[in-house]
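Labels run A, B, C, D, E, F, G and H following the written order; every chain starts at residue 1.
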Amino acid sequence: MSYDRLTADNAALLLIDHQTGLSNGIQDQSVPEYMTAVAALVKLGKTFSLPTIATTSAGDGPNGPLLPIISNTLPDAPVIHRPGEINAWDNSEFVEAVRKTGRKKLIVAGVSTEVCVAFVALSAIRAGYEVYAVIDASGTWNKLVQEVAVTRMAQAGVVPMTWVAVGAELQGDWRNPHGQELGAVMGEHLPFYGNLIGSFRATKAGAQ
Amino acid sequence: MSYDRLTADNAALLLIDHQTGLSNGIQDQSVPEYMTAVAALVKLGKTFSLPTIATTSAGDGPNGPLLPIISNTLPDAPVIHRPGEINAWDNSEFVEAVRKTGRKKLIVAGVSTEVCVAFVALSAIRAGYEVYAVIDASGTWNKLVQEVAVTRMAQAGVVPMTWVAVGAELQGDWRNPHGQELGAVMGEHLPFYGNLIGSFRATKAGAQ
Amino acid sequence: MSYDRLTADNAALLLIDHQTGLSNGIQDQSVPEYMTAVAALVKLGKTFSLPTIATTSAGDGPNGPLLPIISNTLPDAPVIHRPGEINAWDNSEFVEAVRKTGRKKLIVAGVSTEVCVAFVALSAIRAGYEVYAVIDASGTWNKLVQEVAVTRMAQAGVVPMTWVAVGAELQGDWRNPHGQELGAVMGEHLPFYGNLIGSFRATKAGAQ
Amino acid sequence: MSYDRLTADNAALLLIDHQTGLSNGIQDQSVPEYMTAVAALVKLGKTFSLPTIATTSAGDGPNGPLLPIISNTLPDAPVIHRPGEINAWDNSEFVEAVRKTGRKKLIVAGVSTEVCVAFVALSAIRAGYEVYAVIDASGTWNKLVQEVAVTRMAQAGVVPMTWVAVGAELQGDWRNPHGQELGAVMGEHLPFYGNLIGSFRATKAGAQ
Amino acid sequence: MSYDRLTADNAALLLIDHQTGLSNGIQDQSVPEYMTAVAALVKLGKTFSLPTIATTSAGDGPNGPLLPIISNTLPDAPVIHRPGEINAWDNSEFVEAVRKTGRKKLIVAGVSTEVCVAFVALSAIRAGYEVYAVIDASGTWNKLVQEVAVTRMAQAGVVPMTWVAVGAELQGDWRNPHGQELGAVMGEHLPFYGNLIGSFRATKAGAQ
Amino acid sequence: MSYDRLTADNAALLLIDHQTGLSNGIQDQSVPEYMTAVAALVKLGKTFSLPTIATTSAGDGPNGPLLPIISNTLPDAPVIHRPGEINAWDNSEFVEAVRKTGRKKLIVAGVSTEVCVAFVALSAIRAGYEVYAVIDASGTWNKLVQEVAVTRMAQAGVVPMTWVAVGAELQGDWRNPHGQELGAVMGEHLPFYGNLIGSFRATKAGAQ
Amino acid sequence: MSYDRLTADNAALLLIDHQTGLSNGIQDQSVPEYMTAVAALVKLGKTFSLPTIATTSAGDGPNGPLLPIISNTLPDAPVIHRPGEINAWDNSEFVEAVRKTGRKKLIVAGVSTEVCVAFVALSAIRAGYEVYAVIDASGTWNKLVQEVAVTRMAQAGVVPMTWVAVGAELQGDWRNPHGQELGAVMGEHLPFYGNLIGSFRATKAGAQ
Amino acid sequence: MSYDRLTADNAALLLIDHQTGLSNGIQDQSVPEYMTAVAALVKLGKTFSLPTIATTSAGDGPNGPLLPIISNTLPDAPVIHRPGEINAWDNSEFVEAVRKTGRKKLIVAGVSTEVCVAFVALSAIRAGYEVYAVIDASGTWNKLVQEVAVTRMAQAGVVPMTWVAVGAELQGDWRNPHGQELGAVMGEHLPFYGNLIGSFRATKAGAQ
């Protein structure tokens, strides 16, 4: 009675090249918007215990190390340092790690949208996975590149999403486990919602 | 000789989480543009006596009560207060209410576009309905989220629309019943049109 | 101990050429944003019983009649139909009406910003008045024209404002008379504020 | 060896509700950009002797008369004044006029994009025609409505185009008949091109 | 009783480097908006018989010849071809031509705003003239350059304007001579106004 | 040898109506950009031990409580709950608190820019203070209102600033006390800078 | 195990009407962004030794000569001067040159996007090729025309791309031949990346 | 007979913190636009032999080394590495270097606009210099910060400029020395102008 949706049991999270250096090239969103979306997506990975695989491209070179929010929040997630492959799907260790999750739905985000995200997404589609590209937790050089990348991915059957939708789809029902944690993630990273809760609680308290 | 269009007899209207608190998170349009579009769509529901179902998510919490324009304009429309389901289609009372309308074409709007609207839309498509998502009578956190949500829905076969098109398709011919009421809705909520009518009438009167 | 501010006792309101035809040429804001700002400013005039003078340019020609929100809300305000003067300050009846108000602070809005508003504003400054130009309750052909008009007026000593600031400055203290009426105007025309109040009241009621 | 393209022999031009009143509601482009695109498309109709059908909706009411550029440039094109049908395809006289052209490719433009253009386009597709919607020679209330309308039409198989592409596809080769007339249309309505030609000719003349 | 305004008797019009080549570098407005504003300003010069001086920079080089709208509309205006001076005020023939007009108010427009317009404007201010820079009938490389140029000029006492304001200030009263000609210029180059007149006349005619 | 700049010894910080409810009306920046700027400014207050005064308007009503970042970061800053005065300068307790700081330079931010910030700024200027308005740590209903508010304040001698400039001016020299703390604030709230530091440290470490 | 991607062995590069005159009509991107993207794409052609075919339309007329970056970087690429065909695919010499490359994947860019690029792309698709349209190394008259052109092409199966993605897909792995040359192209034409490398090398050197 | 303008004899060029790391934080312009403007300004310094002083802030730290375009183009310009002063005017070596130039007009650009540029500009104004801030050869975190910085500087008497205006004012007359070099700088960094020249020369050559 519903479409085949993302759940904590059927999805894995792939974080592609969210590195400090590359992140400074992002101009399709403001940097605060990008950073808060990445942080939120990473926390969704933790909240729902999604099998998560991070990867970096030349992480000891100019692209820089993984964003600390990833290593700090998901210290146990494997980080595959690719020695040269631009498309992470060309790295057999990465593909094997994905396979081992046993999940068929892949939530993908990264930098840059049209290269690191799109290449993995297209390869994964071809390999038989369903792919969800999280556009606001990804970033690229300007708005035009973003638009073209979304069009290319959608054309190939990749489902474009944004992080709030990912969280809401994984949660399903606020009464399910993790409702409170999801609320906390949203309260912090979708700040209007945190404000809403702040106002509500104050009114409640004041009304007694 | 024509495409299979929306009529007052084949369509139902679903209003998802148009709540005061959630509405203050909208940044993909200006708030006045969003509010006027919601009001217009609600009045179309009344004008064409569309079976209408409203629903709220945690309406007694921070999300806030239903926008008054809905309760005031459509006092008899059932309002299903969901205790926790994010996707209204997971609420059996809601699905049953939709089923009882006997309509196969569903006009859907709400907050937020990529969660409350998209989830219902995708579920309804899967359940065999035809779905029309009214993007300007819906709202979300920023323009990027809106763009991604429209792409996801269109990819799945949801038809994106805006409220003037809904009104015009339902009316079909200005000589049909409700032409005058539709004109009044447009005159108020598409204000250039109200100005046009004001100028016209003044000229007519002055010309006699 | 404070700057010399607008009050209900020292200010008059001048509404210049807010006509249905001219209003359809506005492209520096969306039409719903312009219309809601004009309506709000007019209601401020009523709330604070500001001496108000409206004027039209060729009101029986293509420029169209006064916006109904003005005639309906302020039925007693004089409306001076100028037979040809582009700058209302060239019409002696208008200047005399302004003089008779006895006010030295003039709140001016109209269409178009760079002609009807700016000309009156500049003339009034020269005639010894202090002038406040309400930019969001005015409108013009595109954003560039608006920017240039604001620069020209500010250069000449006109104070640029927007309607919420006018209302707040006139009110001064929410405990002064008219606090409730001002709240109602803001609730309707600054719709986020109406939503805020709706949420607050519902929480209050629910919390009891 | 090529896609099945528009030619002067296989296409007809449908101009839907390009009326003076409706044109003043357009905010998805600047008015000068819209007006110059409409004028250019109309001149393409003349240049390539395309069978052309214009239609108006309540042309003696607030929507206003046909834009003079149409009646002046194509005085022999039939203008079907619809007494009430919003979708021109519901008017049998209009459909019959289209049928009589014997053309299977329909170039459609009008106001507004999501109503008058989209409805005709969708109906014509269903009736077996190929439809090309000229988005810049059409107009609507804001950019969001335009985006949604283009998505809806593209989803249904309508080909979105803009006037320069229509002219270039009809011309095919600058050495074909009408190259000079097309150059003149482009020189006037794509003004950078007119400037380019002006510079070129002056240099040529000066170089002798 | 009014500010010291532009009139047909106290103002001269200076058109600086409106050349076909330079005009193709304009990106602070769309090209159709720039071209229509230039055409309108030139016609105002003719309508009000303003002493007009045009000048070109290297008009036989890549900058291109004068826009034809200038030479066609004002065939008798002197055109001073500067052999190298970037600031037209450095050309004694130009300065002498300005002096001979006997006017103390100079309406200046040109390409590019921050060079050709600003330099003349600043020099003329220093030479004791009052200067009005018509920003929409001028153009430059991008929006930032325009903003900076307007700030620089306003800081130095140049009055920024746009063409409709120039026309309205020169006309003063629609009943003065040239009202009809000004209406025609506005009807063509402020196309919403032309549409307004078209609707009005049609309604008038139809109402008889 | 330098302009008279902000220092930790001559400046006080005034935080006007940064409340959860009001913050949800902000549309001149994205909410994440506004929230991060407010947090940064508050942390600058702490870093440089600026005398800080917060104030709320109807903090137990719909405007909501103070943003938690303020109460958590500066728990000892007095918070003056105004019972009705819109302009905090009308509240004698607030003015007295400002006076007691003994500082003549006031750094002001708040919601909304054109009301709560501008009114205090204008009053303080009149009372003989120098005022710096921090525009990115303030917010208002839309971009136009922001632009108009900045123009009004600048016209009256208020210095417009943004939070990074405030921090840099207070610090003066990175070798002064607090350099490390300022670096941490910038690293978190100007996220490109945090990324820069992350890359630098990793390279340094890797290079050893 | 991957999608069928572009390689140096399966792709050819088609550069359509990148001429100096036409390039000055581009307004969908800033001119510096367009120029740098074209230069980068041309250098990719050289780096990967892609069979490259350039073509011009009336290259001795107002459209101007080929951009020097093309002739200087790829002096051996054939340049087919079309005497009149708007769609290069109508020129048998061009089609034959494409055929001779033996490649089935065509990377296409040019001016303008909706004419010269789209027509070739659609014809090549129909002729059995796979087509990749490089949108940022192409240009057109305004953003709307670009959006419509991308939609039309994507609808027909053309894959929209941007130059960085082309380079990354061709390279595949940084350890493959040409990694250093690609890095140099990116360092120059994606300038954030050049800055990144500059910082990295300096830190490395300084850390020793 | 003219305003007191920039010349090669009265102006010095100050380049403040144009470093690779800081440059990657710029979001008020696209990176290609910023980089090309910086390169152009540096080349103007060389063309007109302006005394030039560059300075860096923590150039061996995360801010990165000087942009290579500066060191390569102006190898003899002193580069003052500030050990900690944020405002370069606090560094006595820098101030002394400026003094030694003997110039009273300072052309200033850098990163970021509101800190490194504005602080130097304000200090230099106070020290009796005339200051010209080149906004497009400077950069900062977002458009709002840029706007606020320009307003602050203009309020204090700093003249805002852009690089083309600087070059044109220095040149004065194309027949003066350096005309050809300036043309080359413009041809490369104002690429529309390069295209213009390319077209012109080709036509000239072809016309012979």
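Quick note on the criterion: contacts are C-beta pairs under 8 Å (C-beta built on N, C-alpha and C of every residue); 3 or more make two chains touch, one makes a residue touch a chain.
In this text, all values refer to a predicted model and were calculated from it rather than measured experimentally.
Student: If you check the contacts of subunit D and subunit F, which chains show up for both?
Tutor: Chains in contact with subunit D as well as subunit F: B, C, G, H.
Student: Can you check whether subunit B and subunit F touch via the same residue numbers (shared by over half) or via different ones?
Tutor: same
Student: In angstrom, rounded to a whole number, how far apart do the mean CA points of subunit D and subunit H lie?
Tutor: Distance between chain centres: 47 Å.
Student: Please report how many Å separate the Cα centroid of subunit C from that of subunit E, as a whole number.
Tutor: Their C-alpha centroids are separated by 31 Å.
Student: Need the CA-centroid distance for the pair subunit B / subunit H, whole Å please.
Tutor: 53
Student: Quick check on subunit H: which residues sit in contact with 2+ other chains?
Tutor: Expected reply: 21, 24-25, 30-31, 33, 62, 64, 141-142, 147, 192, 196, 199-200, 203.
Student: Taking all chains into account, which pairs touch?
Tutor: Result of the pairwise touch check is A-B, A-C, A-F, A-G, A-H, B-C, B-D, B-E, B-F, C-D, C-E, C-F, D-E, D-G, D-H, E-G, E-H, F-G, F-H, G-H.
Student: Note which residues of subunit E are touching subunit D in the complex, please.
Tutor: It is residues 20-21, 23-24, 30-33, 35-36, 60, 62, 64-65, 67-68, 189, 191-192, 194-196, 198-199, 202-203, 206 of subunit E that touch subunit D.
Student: Mind listing the subunit E positions that touch subunit B in their complex?
Tutor: Going by the criterion above, the answer is residues 196, 199-200, 203-204, 207-208.
Student: Once bound in the complex, which stretches of subunit H touch subunit A?
Tutor: Residues 24-25, 27, 30-31, 141-142 of subunit H touch subunit A in their complex.
Student: Note which residues of subunit D are touching subunit G in the complex, please.
Tutor: 1-3, 5, 29, 33, 135-136, 146-147, 150, 154, 159-162, 164-165, 168-169, 171-176, 179, 190, 192-193, 196-197, 199-200
Student: So in the complex, the part of subunit H that touches subunit F is made up of which residues?
Tutor: Spelled out, the residues of subunit H in touch with subunit F are 21-22, 24-25, 57-58, 61-64, 83-87, 89-90, 95, 112, 114-115, 118-119, 122-123, 125-127, 141-142, 144-145, 147-149, 151-152, 155-156.
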